[in-house]
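Each of the two complexes below includes chain A, the first together with chain B, the second together with chain C.
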Partner chain A sequence: MSAEPDEQPVLEIRDLVTRFYTDEGTVKAVDGSSFDLYEGETLGIVGESGSGKSVTALSMLQLVDSPGRIERGSVRYRGDDLLKKTEAEMRSIRGNDIAMMFQDPMTSLNPVFTVGDQISRVIKTHQDVSDKAARERTIELMADVGIPEPTSRVDNYPHQFSGGMRQRALLAMAISCEPDVLIADEPTTALDVTIETQIFNVLDRLQEKYGMSIILITHDLGVVAGTCDRVAVAYGGRVVERAGVDALFENPRHPYTRGLMRSIPRLTDDTDRLTPVEGDVPNLTDLPSGCSFHPRCPHATAECESYDPELREVEPGREAACLHARGYDLSPSAIETERAEADGGGPTAPATDGGEPR
Partner chain B sequence: METNMATTDQTDEAVPAAQAPGTHHSQFEMFWKEFRRNTLSLVGSAIILTMLLTALFAPFLAPHDPTTQFEAPDGEHNPMPMGTEMLVENDAGEIVGTTTAYLGTDHHGRDILSRIIYGLRTLMTVSLGVVGFAMALGVTAGAIAGYYRNTWVDEIIMRFMDILFSFPSLILAIAVLGVLGVGSTEYGSFTLPNIVKVIAVIGVVYIPSFARVMRGSVLKEMEEDYIDAAKSLGASDRHILVKDIAVNTLPTVVVQGTLYMGTAVLASAALSFLGLGIQPPNASLGLMLSNARGYLYSGEWWYSVFPGLVIVVTILGFNLLGDGLRDALDPRNDGGER
Partner chain C sequence: MSRFVLKRLLLSIPVLLGVSVVVFALVHLAPGGPVRVMLGPLSNEELVRQIRLEMGLNRPLYVQYGMWVFDALQGDFGVSWTVQQGTPVTDIIVERIPLTVELSILSMITAVLIAIPAGIISAVRKDKPADHAARIAALSGISIPDFWLGIILIMIFAVQFSFPWATGGWTPPWVDPVANLQQLFLPVITLGTAYSALIARMMRSEMLDTLSQDYVKTARAMGIGAREIVLKDASKNALIPVVTVIGVGLGQLMNGAILTETVFNLPGIGKLLILAIDRRDYRIIQALILFIASVFVFANLAVDVLYAYLDPRIRHDGN
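Right after this comes the complex of A and B.
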């Protein structure tokens, strides 16, 4: 069990609310999300598609586009609330202090400029350096992220790069100004597993080299187990459980996390079927009353329909937003019993496609 | 298409080490490869290049001054047929020799070939001016509207464009010129040259087309991930609009501009034909057609056919070139089917 570090967090997100005002109604994409990021750690934010992970990341950088609006909450970066900054102040923070790396390397580079151009542009946005110095730094960065022959690749166009190479180039762009915080939004979803491993190795090395804190947004619990120090589980636009990675995998406290864990195929299990989390991700325009997980929750009681639980400390260093959060038994016999209970409906696609936790 | 697909696949899938380092395929090279495959677009470019060079070097190419009136030899009358040996007079009015009118003369004895060359110069100037004017204003307005999409800025700009768009082009030009009067207009010490007036009245109705196309391209660009990526790394709005978006929408605007050149040529010729455009004695193809009308029945066909032919070929050239550019620049063409 890893206890939370004692020092001040680099990023402190409190009660963040972001809504989209569409013709179909108000989408509560982020509905009171709270979490911290500490110096030098990797925080995983996991959740199904539509759990508000990406919007949370965009909200932190004030990049939510109309019709979306950040309604309230605070995003404290080293004590300063980013949500109170002006657009000009934010611009100097984005990329310089907090950088973001996007999901799809195929579309996140501008096709008409060379890769080198795009990396040096970020450097020149934040630093007063000559074109030549920016280019040299770019070549260094490209070598750093493991792009072979950077001196010639610097003049290549994105279409001459493979997917993995593009993701490395995006990583080079993101770390070009040595940010304190790197937000990686599903950085390997579009890549195959071998490339995924390579990218995470590079990330790991760079985190050490530059002392970055990383927020890793993913739906892949396998990735989380392999790379993160602490985890925040997102559901229905908020964080429902926060814990150290080992503690979370050993003993998930929120029924949703528990459901996610059970939907992972395990090499040690002799079973033909996975147990999915029954039901669908809640419609963010019309969240269920009370605890938004109650319609899918095997432990839901009458109170869950009306009472909206907050994130509460359930034991030192970990929190869960559940009325009934208690120590769940993960012994094989207990899982067997729970599976038998849940075996009413046919299995749907598993909510996560993670592998065996590493 | 197949060759192209193969190249794309190769660059996409190849292991980095296997790729030849330093092989550049700039966007322009890829465009040119695609463009030259189409014979018709090459024909179009050849036509337009010829027309532009002719217009540019008119004073060197035209055999005579377009306003010189030659005397017809005995037995001939104006308009003189092709190949007539026209009489050349000196300042005192004495005949000092003859010169050939290759394409005949008009009803004032002016050399048609020279007038066509100078007329083409005028036509190109006006058409380029019209498209340049409409493009500059339309693209700016469209880019701003697109960037501030769904705000009051967008609404005001685009509704104003709708109003402009509802005017029939020639009717508006005729009405405005009717009010302002044809020819140069003087406002105190400031003289508004006729050609500027003509360019503005024709160009104004094309502004909405450019604005709409530009707004559409900007909207499409704004959805691209690399715009978000650039924003997340601290790029400013202005920077994104000027650099990322402008460069990516350039092909669309260029194609639109080329296709509108054909329309602009037709409109400026039509305005001249109606006597509201370029004023005599300046050479203008539309004006020549208008004057030549009366001579068709009497068999003096060369007076109207040659200027008409030049207008037709020019418009054809612009349309072929525009189509070729569109095909070559269309992103859907260079990856094969996805």
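Right after this comes the complex of A and C.
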């Protein structure tokens, strides 16, 4: 599962840049993000708060509001650039081809309409069906996501639902038109762990049933390990590492990913304290020069301060945006080669898997 | 729901009783009295005492209050002393209610019809020219005193342009509906402006709040159109607090009606109240204030019922 499939991706995001023009300055929320989503897979986008994960997702659906603006890049959905679509065209894609669900189930449903009305409205927006058919489909969907007694619950208001049930209802709404892609933005962050497991089980079953591709945005590496096929690690508004989930956990190649891994508690460890990633999340109005991670990076060299590394292949099916990612070879000659390649702009030489100094 | 309404109706009894006590006390504590108004400034003290005795005004206040309440509960508010001597108070008031009710309702409808769309447009076009225009208009509307606005309108339309319909007076709508609406045109503007401005400002801020809610984000992510989101998702939520302002503002409207009726010389209950206070016609004052207080109480009840209709959370928690 971890190797990158050969087929054409469902979604291809390239060099996406979204900025917010605030009074305090320009916030580079998404700063050159690139990743792919393949048919039927679950891609995890991991990162700390403020790494631009959610804005990336909103940008893909052109849901970024003023003062935010998508500056450049492309979001190809089955070959079509979504960023070139008009608002009317986007409306027929949102919820129909690509659906999105948000973090907080308590506030994501409209309190003054019944849950059933909110789900069937989405169906009626995208499909030419009668009220009765939409209602029947809604009840089916509610049963599908595991809401008990859907025939009576369909007429309930959101406040009569628990948090977990509301998230299920939102999931039902998101899959109501059988979208190709489901973007789930921290879908379980507001829920407790048992409910979280239930939601992911439902998500898993639905993915199989409808053949959806899922983008799962989370800050929780545990969630990623349990649910994703591939992972994109976000930092400072861009993707700094892409890999299959097993490969990533076995051998993280970007120093930031390594830092994240070290900060996960392990039952088998004797250590009293976790090792945090030193330093703070970068201020997106004023990103550090060069590699935006260098002030926090234990391997940073003088080059990292001025040279901004691109995401590139470090081994087949794996990419990392770090000057030293090829096994952290920090010898002057290795850096020299790296720079020569960067200056020359030629194709990347086949990656060599070097040893990792710890 | 009917239990809730019944409960609220029962609760309004002590409120109205309290109002009656306060009004009765205030009216009787005010200096002067109906007898002096009737007899004029050069009255004979002996005569004053004698008439007071005949009218029962020499009895202890609590006795007078008791008698008044006893009669009032049977719908008998007595006869007028000084405004229209000998005519039953109820008749005088009932005759004047249609004007004030029409003026208030027209002002309210006009205000809401202007304010709600203005507030919505203002919020959707935040910081754009339309928003600035609406906000300046609203701020002016709140800041301008209604009696002043009324006088200015009279100066422009009646004095400057001599429109015949701008000179005041009132023809009942069942006599001549066109003349009736023409005559009420300026008073409605006068009375409705501040009220409308208040609602528009509230609607704008509530819309800004609801438009930034997660459920709006969800609706957009599901492909629901912007128009539907504004008019349905956001508006229905925004209206909940605005309805309160509309209801409570009814009190402001009653206040305004007193001034507006005076400025435009309209024979409504506002003008009657001023006249009754001037002439110390206790019975009319008491009955009128009680009437206005009842309007208040029922407006609040109506707001609560409407609230439950708009907000399912209240509907279900109530039972």
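FYI, the second predicted complex is superposed on the first by the 325 of 358 C-alpha atoms of A that agree within 3 Å, B and C clash if a C-alpha of one lies under 4 Å from a C-alpha of the other, contacts with A are read in each partner's own complex, and residues count from 1 in each chain.
As a working rule, a residue touches a chain if its C-beta (ideal position, glycine included) is under 8 Å from a C-beta of that chain, and two chains touch if they have at least 3 such contacts.
Keep in mind the model is a prediction, meaning the values are calculated, not measured.
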{"item": "Fit-or-clash call for chain B and chain C when the two complexes are aligned on chain A", "value": "clash"}
{"item": "First (chain B), second (chain C), both or neither touched by A:155", "value": "first"}
{"item": "Chain B versus chain C as contact partner of A:147, first or second or both or neither", "value": "first"}
{"item": "First (chain B), second (chain C), both or neither touched by A:165", "value": "first"}
{"item": "Contacts of A:96 with chain B and chain C, given as first, second, both or neither", "value": "both"}
{"item": "First, second, both or neither for A:86, with chain B first and chain C second", "value": "neither"}
{"item": "Partner chain in contact with A:104 - chain B first, chain C second, else both or neither", "value": "both"}
{"item": "Which superposed partner A:130 touches (first chain B, second chain C, both, neither)", "value": "neither"}
{"item": "Chain A residues contacted in one complex by chain B, in the other by chain C", "value": "61, 63, 91-96, 99-100, 102, 104, 107-113, 121-122, 125-126, 157, 159-160, 170, 173-174"}
{"item": "Residues of chain A defined as touching chain C within the complex", "value": "61, 63, 87, 90-96, 99-102, 104, 107-114, 121-122, 125-126, 157, 159-160, 170, 173-174"}
{"item": "Interfacial residue positions of chain B with respect to chain A in the complex", "value": "8, 11-17, 19, 21-27, 150-151, 224-226, 228-236, 239, 244, 247-248"}
{"item": "Chain A to chain B touching residues, read off their complex", "value": "61, 63, 66, 91-96, 99-100, 102-104, 107-113, 121-122, 125-126, 147-149, 152-153, 155-157, 159-160, 162-163, 165, 170, 173-174"}
{"item": "Chain C residues within the chain A interface of the complex", "value": "213-215, 217-226, 233, 236-237, 240, 310-313, 316"}
